[in-house]
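You will see chain A twice below: alongside chain B first, and alongside chain C after that.
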Partner chain A sequence: MRRIKEAMLTFPSFCWLFFFFIVPACLVYILAFKTADYTGKILPGWSLETFYSLFDSRSISLTIRTMWLSILTTGISIFIAVPLSYYMASCKKELQQKLLLSLMIPLWSSFLVRIFAWKVVLHPEGLVKTVLVFIGIIDEQTILLYNDIAIVIVMVYSYFPFAVLPLYSTASKFDFQLFEAAMDLGATKRKSFFSIYLPVIFPSILTASLMVLIPAAGAYVIPEIVGGNGAEMLGNTIVRRVFLDNNLPEASTLSLLLSVVVLIPAIVIATWKASHTSQIKGYS
Partner chain B sequence: MAASIHFERVSKCFGSAMAADNVSFQVTGGSFFSILGPSGCGKTTLLRLVAGFDTPDQGRIFIDGQDVTHLPPHKRPVNTVFQNYALFPHLTVRENIAFGLRIARKDSSHIVREVDKMLELIQMEAHADKWPDQISGGQKQRVAIARALVNKPKVLLLDEPISALDLKLRQKMLLELDLIHDEVGITFLYITHDQTEAMAVSDQIAVLHRGKIEQVGRPCELYESPRSSFVAAFIGDTNFLDGTVDVSVEKDYSQLHIEDFPPVLCFNDKKLSPGELVHLSLRPEKLRISREKPADHPLHNALKGVVEDVVYQGDHTKYWVRIGGYRLGVTQQHGRFLLDTQQITWKDEVWVWWHADDSYILERYDASDEKLIEAPSEKVGENEENEESKCEE
Partner chain C sequence: MSRTVRWISYSAFFFLYLPVIVLIISSFNASRFGGAWEGFSLTWYQRLFHEPTIWNALTNSLIVAVYSSVLATILGLTSALSLHKYRSYLQKIHLGIILAPLVMPEILMGISLLFLFLAISVKLSLFTVFLAHTTFCISYITLLIKTRLESLENSIVEAARDLGASSWQVFWKITLPFLTPTLVAGWLLAFTLSLDDFVITFFVVGPGATTLPVYIYSMMKFGAPPLINALSTLILLFTAIITVIYYHIAEGDRS
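Let's turn to the complex of A and B:
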């Protein structure tokens, strides 16, 4: 009886997931095993032809580039989010609320608008460049826009709030008396941060990484707007295959590749967390 | 040699609250020293000052003769057992105990040896590889003690270490603590709000009230000759009567004038002169109760009253006797049970009597002093276990 009730409760969401996620994804993956002519018409019969194109040097370097940029984005985001969430959790309750709100408010405005805003900020005559040149960190010739730096900056900006949220929720549950215990046992403040705080919140560092890595790897709009000609990522290539080359099978293959690339770390992390939950109960 | 602790006129404020007010006392090396006080009296603050989590606004603290007032926690020769244990959730029991030695970069064979010794001391060998959330409260407590002791501190600080356990376990752990103290022989500084706990294990107790030390002494000193009405009320049960010193009788005795009472004779060890306001403290177990008028004795006081309440407790009975404006508690130890003797019961007219040496007088300064007495000792320690932490915030 209880099982039936549970099933009924999950039924709507399951339907939604099935029809709007699993079915379309499968359609895309099926298309990957087809070929198309130059008009975009899908040809009958099955083929692995599109998969061969994955192994040319362009595709490989594109994949590596995408991974590199998204891992870099993830790394920087975590690097910012860990101390930020620690700080948020350790300050007063009212301030916590305000900081959390200030993190969320930008998300209320349009994603596109925010990215175009970055275009203005990073512009050769924009604020950041002017200030950096003035301080002397970069010279006049350095370009901040339409390259990988711009992509990473904007991706970090866009996705690191998603890393802060899980980290903050763990940090706010953290028992700060553990620091006192560690210091009491001879650890310095720094040492207790690295030997107590980081290991305890490690599971949510993994969660936070996924929260950044997945959207970053699939980024399309950001490289399209602030990236230059040579600065495309997998997402842009997929779009080009669809709209310029009229080749849905090749686009599908790239999508499949992207799914796999993202799925591997996700599975690794999920497995690790499953095997370590007993010790980190309450902190995951 | 075991290390002493010395507080020298230490004060500490949190906002407007005085958590420690000009506190001075000395802890003898190797002793089991308790700081006892009601919730929010600042006892945890004193411990945190010794541990180094807080620094005093004024005054100095010495451990083993060394001024540690401004030393950071990790440089002090003390270790703490926290009230909520504060075990590291990502480390096993064994790793928790080894933490301090790891930090000190001891070599691994030494660590293994020392940790094994500790596991044996706390009888947790079988649970060495469990995570903290897989063991019970009492076991966590023992791990917390081992984690502190393995570093061979000069002083072990215990912050209400057993208050989170249930009664039976509390008594067992208290005994174990005492055994461990005997075994390791270092100084224990024990914080508690529970007077029975403190009385049971301590060599010395400091009674703390509103950030001030009221009295330091051996358990029996505090019980038998409390220096203030607060100590008298906080340690054990007592009856307070408000009186005025009247005429002196013989050399060391005085008659007290108490409203509604005939003159009461009392040992006047404090040499108070006639006219001074006093509290007369009468411990319930020092009072006798009977239906018949007791034989006259020059040093006995006998008062007539009516029994208002009887609480039978097996080994003793507690009577509440109305005499004038007071309700005196009297405990009567049971002797042989005889069916034909009629026990004292409700509404009986009885005599309550005591020897003049069994009561003691405490100076009464002003109206606020009376308030101190109203802090009933029974209430403390039952349901206010978390109050102490609130006072720190």
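Let's turn to the complex of A and C:
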């Protein structure tokens, strides 16, 4: 009876995700070992031909570029999120709630709208450009949009709040009296921040990095809207292979590559956390 | 040290709201090209109400959002209940299958669903969008409900059982009322996730059945910026209201 009840409760969500998540994912990976002719028709039989194309110089440079841009985005996001979460956690409780809410409001608002807003901000005749030219940081000819810097700025903007959330949840449990204790014992503020606070939140820094790295590596809309002509990332190329070249096997191999790029850091971090759980209990 | 921390925090919030504010101001700019300020105007808002395609796309989005958020909430509820109640090997796999979509880049989910629909030759339409949206919403709702269930005192359930309540009665009289605010919050979350999704929808949407984000994207790519400013401002206003409601519910949930 218990068995039947369990099966009945588990069945709906399990089957749904099996059919609409696991099966489709397998389809993509199977298709990576097929080839298509120039019309996009998938040829019978198996082949490693498309798979080998991952190792040509074009694919390798594309992968390195995607990884570089997403790691840079992750680094900057962590650099913002660590002090921000520290600041939020050290505020009064009511203020904490308000800050958290103001962090979440943009996250809930339309993703496309927020990206588009940057197009307005970095517009050649826009406010930011005018101010920067006025201060003398850039000259009249500099174009703020359609380059890699624009991509990184908008990716940081879109994804850094996701990094703040896990960091804040650890920071809000942190006992700030430890600082007073450390300072009583003669540590400077800086020293106590680096040798007490950082080790405590380190596991959350890893989680936070993943929260940014995964969407950044798979970014498609951002490079498409604010990136330049040659500003391709893995995401764009996959979409191009599907809708323009109609070459599903090539899109599949690239998808396989993207999942590897995302999975390796995820597995490394998960393993590290699993082997260190005894030390970080209560804080993770 | 603390001065640096505060400085970075203030800048982060400034960074977060700068584009939103610029966007709202620009929506009242009379300029056709969205550049320099040419005076206050409500033209773009008026024009918005004379674009039937936008309203069509919005209707499509709302239809999909209603159906998929309701179904995802039901599936999320059963899923969270089984994960909470049983500790078997099956549940370990179940949890894995729930968590996996969360670590998969959206684009991969989009492409894989497209391949599925091609493989079983289902015509792309609003229906395929509904299937896709339900799929990515389940995980979020399950985790939300599961967290809430963990704070349900086991002693209350045991007391009810001692007094002779059947497991159905426990579910209807204790668990469900206890979960109601979370169910509403989860439904609201799924509703906005569905309403906002572009990347996955882009892959599985059929010709002639545009949703609002897909329409906005094509507008962004092919001109009409001032019109998007106005539309975006309205969307921002709408989501800000929903967010405040959501946290109001979530807060009541905690106390």
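Note that the second predicted complex is superposed on the first by the 270 of 284 C-alpha atoms of A that agree within 3 Å, B and C clash if a C-alpha of one lies under 4 Å from a C-alpha of the other, contacts with A are read in each partner's own complex, and residues count from 1 in each chain.
Operating definition for what follows: a contact is a pair of C-beta atoms (placed from the backbone, for glycine too) under 8 Å apart; a residue touches a chain by one contact, two chains touch by 3 or more.
Computed from a predicted model, the values in this text were never measured in an experiment.
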{"item": "Combined model on chain A: chain C and chain B, fit or clash", "value": "fit"}
{"item": "First, second, both or neither for A:Leu72, with chain B first and chain C second", "value": "neither"}
{"item": "Partner chain in contact with A:Ile105 - chain B first, chain C second, else both or neither", "value": "second"}
{"item": "Partner chain in contact with A:Leu54 - chain B first, chain C second, else both or neither", "value": "neither"}
{"item": "Which superposed partner A:Ala251 touches (first chain B, second chain C, both, neither)", "value": "second"}
{"item": "Which of chain B and chain C A:Ile225 touches, first, second, both or neither", "value": "second"}
{"item": "First, second, both or neither for A:Gly126, with chain B first and chain C second", "value": "second"}
{"item": "Partner, of chain C and chain B, that touches more residues belonging to chain A", "value": "C"}
{"item": "Which superposed partner A:Phe160 touches (first chain B, second chain C, both, neither)", "value": "second"}
{"item": "Contacts of A:Gly186 with chain B and chain C, given as first, second, both or neither", "value": "first"}
{"item": "Contacts of A:Leu84 with chain B and chain C, given as first, second, both or neither", "value": "second"}
{"item": "Angle at chain A between chain B and chain C, C-alpha centres, nearest 10 degrees", "value": "90"}
{"item": "CA minimum distance (chain B, chain C), superposed complexes, angstrom", "value": "15"}
{"item": "Residues of chain A contacting chain B in one complex and chain C in the other", "value": "none"}
{"item": "Contacting residues of chain A [partner chain C, same complex]", "value": "6, 9-10, 12-14, 16-18, 20-25, 27-28, 31, 80, 83-84, 86-88, 97, 99, 101-106, 108-114, 116-121, 123-128, 157, 160-161, 189-190, 193, 210, 214-215, 217-218, 220-221, 225, 235, 238-239, 242, 248, 251-252, 255, 258-259, 262, 266"}
{"item": "Chain B - residues contacting chain A, complex", "value": "51-53, 72-74, 78-80, 82, 84, 86-90, 92, 99-100, 103-104, 131, 133-134, 147-148, 151"}
{"item": "List of chain A residues in touch with chain B within their complex", "value": "175, 177-178, 180-188, 191, 195-196, 199-200, 202, 278-283"}
{"item": "Of chain C, residues touching chain A in the complex", "value": "1-2, 4-6, 8-9, 12-13, 15-20, 22-23, 26, 33-36, 74-76, 78-79, 81-82, 85-86, 88, 90-91, 94, 97-98, 100-101, 103-109, 111-116, 118-119, 131-132, 134-135, 138, 142, 192, 196, 198-199, 202-203, 213, 216-217, 220-221, 225, 228-229, 232, 235-236, 239-240, 242-244, 246-247, 251"}
